[in-house]
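Shared between the two complexes below is subunit A, which has subunit B as its partner in the first and subunit C in the second.
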Partner chain A sequence: MQLDAPERPRAVRAKLRTATCLLLTAVAPRFAHAADPPAPPVPASPPTSQIDLTGLFYSERIRVLEPTMRYTRTYSSGRSFFGQVSVDSVTGASPNGTLPTGRTQTVTSASGRSRSVSANSIPTVNFSDTRIALDGEWQQPVKMFAFSLGGHFSHEKDYQSEGVTGRVAIDLNHKLTTLSLGGGYNNDVVSPVGGTSVGMAPYGELTGAASNPKHVKTALVGVSQVLSRKWLVGVSASLSSEDGYLTDPYKALSIIDATTGIPLAQVSEQRPDTRQRRSVQGDSVYHFTSNILYLSYRRYWDDWGIGSHTIDARYRLPVTSAAFVEPHVRFYTQTAADFYRFGLVQGAPLPQYATSDYRMAGLQSVTLGATIGFAPGGRRRTSEWTVRAEYVGQFGDSSPPGTVGVQTRIDLFPAVNVFSMVVNYRFNR
Partner chain B sequence: MKNHQRRRLRSVVALILCSGAAGCATVKPWDRDLLAKPEMQFVTCAQLHAIDEHVYFSKEASLGGSSLAGGGCGCN
Partner chain C sequence: MSLKRVEDYFIGRFTAMAGPCEILVDTDSPPRGERALELARQEARRIERKFSRYLPDSEVGRINGSQGQPVRVDEETAHLLDYAATCYEVSEGLFDITSGVLRRAWKFDGSDRVPAEATVAGLLPYVGWGRVAWGDRTLALPAGMEIDLGGIGKEYAVDRAASLIAAEIPDAFVVNFGGDLYASGPRRGGRPWNIGVDDPERTGDATIAAIPLTRGGLATSGDARRYILYRGKRLGHILNPKTGWPVEGAPRSVTVIAPTCVEAGTLSTLAYLRGPGAREFLEAEGAQFRIA
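On to the complex of A and B.
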């Protein structure tokens, strides 16, 4: 910016100088000279309220309908609070971990619902559930610090979660650098419908426990940095420690004949009761002349042997001053857990831990989608609509090593195709 | 701590230090017009981000990144 270009008219130069001084005073009051006369008090602007109404429509083997309402109150001091309530309604069929038999079979869920599964299909069980979740967070800036404290509660018929989070952000280097430190704790209870299965025992054998505790502790450290007028980057690392009941109570494994591959029996899965997760994520936001590119990369690994890479890219294109289009693409790949087995072979000793949950297998995910945002009020932006449609495809090994007999002729990892749409309406009061 | 974990930790520290060193670049307050836009953030819509986290948590084995997500759901 050439504020003192000699060819500029004097009046314009004076106005620019005044505007610059005002701007400096506003954004960097701590640099004001001690001998300067005190600035006249600025009347505090009234607090503002913002309401977000969001609806998620999600479809694959299961269907999810999730309306959410969030209320955000922001004060002129920078203090803010939000409270959110959401209701998550899920119905559909979920794989129970067992293998196709090559013949039509009947599968019964933990709640006693039966369904017929065709010869070469992955067995699934019907289920439905409704989850209610409450979330809230309070933020308070104090000089160069910004503190936030959050709480979470959710309940569904077989799972309840209570959690707290705390975070502090520290502005450094004239607000060009922000250091963040945070932690969280979740105290959850798993109460399987039909009772808790004995791991690696015949499916249906119960421990007698009606509910099982699960605890999650999370720590996060991050730094974000302004690199230029157009470029913001950040890197963060997180550590999560879980203990308690980490097994999926509704998943079983088939025990197959070593030659024919035909399932002969089922045992309940069993996972370790501790898990250490680690991740490192890098983010970048770059403003071109008018478009904005968002990039992120996450590396994840845990002591169950799972490692993953995630690349996420979004590109925001303004259509008008009050509307934008934002294509989105995401790639994800993970390795299998050490104890993942597509099935167990009859006669071989049972392992201590095993799961055939496809989410613990090696897999790849691709997300393609786009978001459209527009503000009917034009530049005043009293309300905004955001509509997003996405496809997620998950792909894995359809014939993993060790398959024999009938299993070699069946696709053991049929592609999972997820279609989702989110509508968000935001208005200010 | 195993060797590969130590190497990863060193990489993270190096990344953070590099970010800090880049802070020597100066962007004056009156040049922060673009940075002040609400869309110049890593997460531009908290609602959409929370939904994303929930969907991916339910379909994949990974968790974490830039948010303090503890799961809070029996879906995985």
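On to the complex of A and C.
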């Protein structure tokens, strides 16, 4: 055994030592000195790009076709960039908030158009719009920190949104714990078609303002923890503060006769001009031998009186090495906003704030769906198809307390059934 | 790919570069073991794909398919070729990455089939790094010649994987690709890793020595796994590029320890190529080694 022989580099070894250093330091600086701990490498692998093409088909009262292209470039240093363009083309009808009557009823819109609706159906406003959205994010790891900075812009004819987000993730405890802090700011402008309605005034009366500002500030904090080789958990909390024009410019409330229940007039809705939202969420990802179970619970509440609980579960099952199936189920329940009214009774003083938007009502929803994924390239996975199909059913109180006359015979919260399908094709370059 | 706990460390296994690969991580944290395994596997696969002589679109495939036309190579390939040129120079032509064409004549399958001398002689004009024009990141390989980075690539992959893991994982670890390995430092409590040296007579079943290794590269050259039986002699798979015949009189196995796996691997190959002069060479070079 010569293992303890002193190291005396000779002719060949000296040359090899130099050549080895050149070879290894070319891609891994300062490595190759056995006495030093190896240093972080300079990447040798080329950057990779990933392109996602997504089409969303959506059917409710409205139909949405939303093609999205997403581009992600990841450098081997961990730095990454992602950009996304999406175009939504939306057509259809949305409830305008007023009540069915039992008689033919006329609905006017702020732009002055009017039309008739049949007696027992929920009056709606028709719309057709195209929205273009651009999103980008730059991510940069620096030692134990990962910084990211994102930007957002979207435009449609009555809504424009610009926003920035920033986030830092900190790896602690040898990367078993990750702490993240983030914040965002959005500057939006609402420009209702036909002008801005005066809240709680007869529908059609305008303020004269062509556009109305809206600001959103968001802060979030989260921590994730690796509990074992198979189990990852996380908790996060977010706080957001909105101010400005938070009213839906196209929604109105019916004023009904106190005994017959027949709608007599309409007033534009009015919501407060500030809103504080809070949420906390817990997540768990458990990796069985080959299947993965995702569970999450979210508690949300705001100062409008809306509080909600969401439970979400997904279970990913590999079918072959190249395909998987992932069933998905979600339960959601929310309480109504303090100022939610199905309608207003004639003669009573008008409240300061009121809305009859069904999304502000107490409601429950159930989502059932499944995703199927397939990577035709097999184990090298240069491309992947996924198809997600989902049903969302939304249910509320069909006959809320306080209904009178004809309103008691009409379903005031018809179940909303939405079917959607998302097709995604991803490939790496 | 698998990861399991053995006593107080983790051992992960996968197959790459035509052989078994292992990673040992001195930790109690399964995610860190997993991460080290994943990094090692990715880097092994990346280097295998990039420098495989079996893939026509690899760097080596592109050079071998160049039909005498000059080929411009990327930086990483250039550094490997520079290193190969140094090996050729210091070994006075014994370590030659163009000697792979000789494999057309030789099949080291444990049988007694020896090629006709004329066959071997016919291939010799296609062997010789001296016939290759290399410089300015451009390689001109005469038509009919081939290069094979197999003699460097595995050791290079070990050092590369080790540097990637060391950048992320604080624990001591060993990267072992088919017997060429690197240890990152002492285990918890200051203990060294114990490296067994394979018994060339009973390869895979027994070891003839245990070498304690704390930090550095370790590589073995020998005829243990691939040889030919000729007139009762075992001819190892390492060929002398000057004669086209297996190196004669070489030890059964030469194990060398050096600061990096690349250096250990090169020294063990150079020693082996010197046949009976292996021990003398390593002693003269002041290397840490073990010969069987």
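What we mean here is this: the second predicted complex is superposed on the first by the 376 of 429 C-alpha atoms of A that agree within 3 Å, B and C clash if a C-alpha of one lies under 4 Å from a C-alpha of the other, contacts with A are read in each partner's own complex, and residues count from 1 in each chain.
Note that contacts are C-beta pairs under 8 Å (C-beta built on N, C-alpha and C of every residue); 3 or more make two chains touch, one makes a residue touch a chain.
From a predicted model like this one, the values you see are computed outputs, not experimental measurements.
Q: May I ask you to decide whether A:Leu176 touches subunit B, subunit C, both, or neither, giving the answer as first, second, both or neither?
A: A:Leu176 sits against subunit B and subunit C alike.
Q: On the A-aligned overlay, A:Val392 touches which partner chain: subunit B = first, subunit C = second, or both, or neither?
A: A:Val392 sits against subunit B, while subunit C stays out of touch.
Q: In the overlay, answer first, second, both or neither for which of subunit B and subunit C A:Ser228 touches.
A: The answer is both, since A:Ser228 touches subunit B and subunit C.
Q: Compare subunit B and subunit C by how many residues of subunit A each one touches, and report the one with more.
A: Tallying touched residues of subunit A, the top partner is B.
Q: Based on the superposed arrangement, let me know which partner A:His155 touches: subunit B (first), subunit C (second), both, or neither?
A: neither
Q: Using the superposition on chain A described above, determine whether A:Ser308 touches subunit B (first), subunit C (second), both, or neither.
A: A:Ser308 sits against subunit B, while subunit C stays out of touch.
Q: Can you list the residues of subunit A that meet both subunit B and subunit C?
A: Residues common to the subunit A contacts of subunit C and of subunit B are 1, 20, 23-24, 27-28, 174, 176, 226, 228-229, listed in rising order.
Q: Can you list the subunit A residues touching subunit B in their complex?
A: 1, 20, 23-24, 27-28, 52, 54, 56, 58, 66, 68, 70, 90, 131, 133, 150, 152, 154, 156, 158-159, 161, 163, 165, 167, 172-174, 176-177, 182-186, 188, 190, 216, 218, 220, 222-230, 232-238, 240, 248, 277-283, 285, 287, 292, 294, 296, 298, 300, 302, 304, 306, 308, 310, 316, 324, 332, 334, 337, 359-360, 363, 365, 371, 386, 388, 392, 394, 416, 418, 420, 422, 424
Q: So in the complex, which bits of subunit A are touching subunit C?
A: Touching subunit C: residues 1-13, 15-20, 22-24, 26-28, 31-34, 37-41, 44-45, 174-176, 226, 228-229 of subunit A.
Q: Can you tell me which positions in subunit C touch subunit A when the two form their complex?
A: That would be residues 29-35, 46, 75-76, 79-80, 82-83, 86-87, 89-91, 156, 159-160, 162-164, 166-168, 170, 184-185, 209, 211, 215-216, 257-260, 262-263, 266-267, 270, 281-290 of subunit C.
Q: Tell me, which parts of subunit B touch subunit A in their complex?
A: Contact set of subunit B toward subunit A: 8, 11-12, 15-16, 19-20, 22-23, 25-27, 29-35, 37, 39-42, 44-48, 51, 55-56, 59-76.
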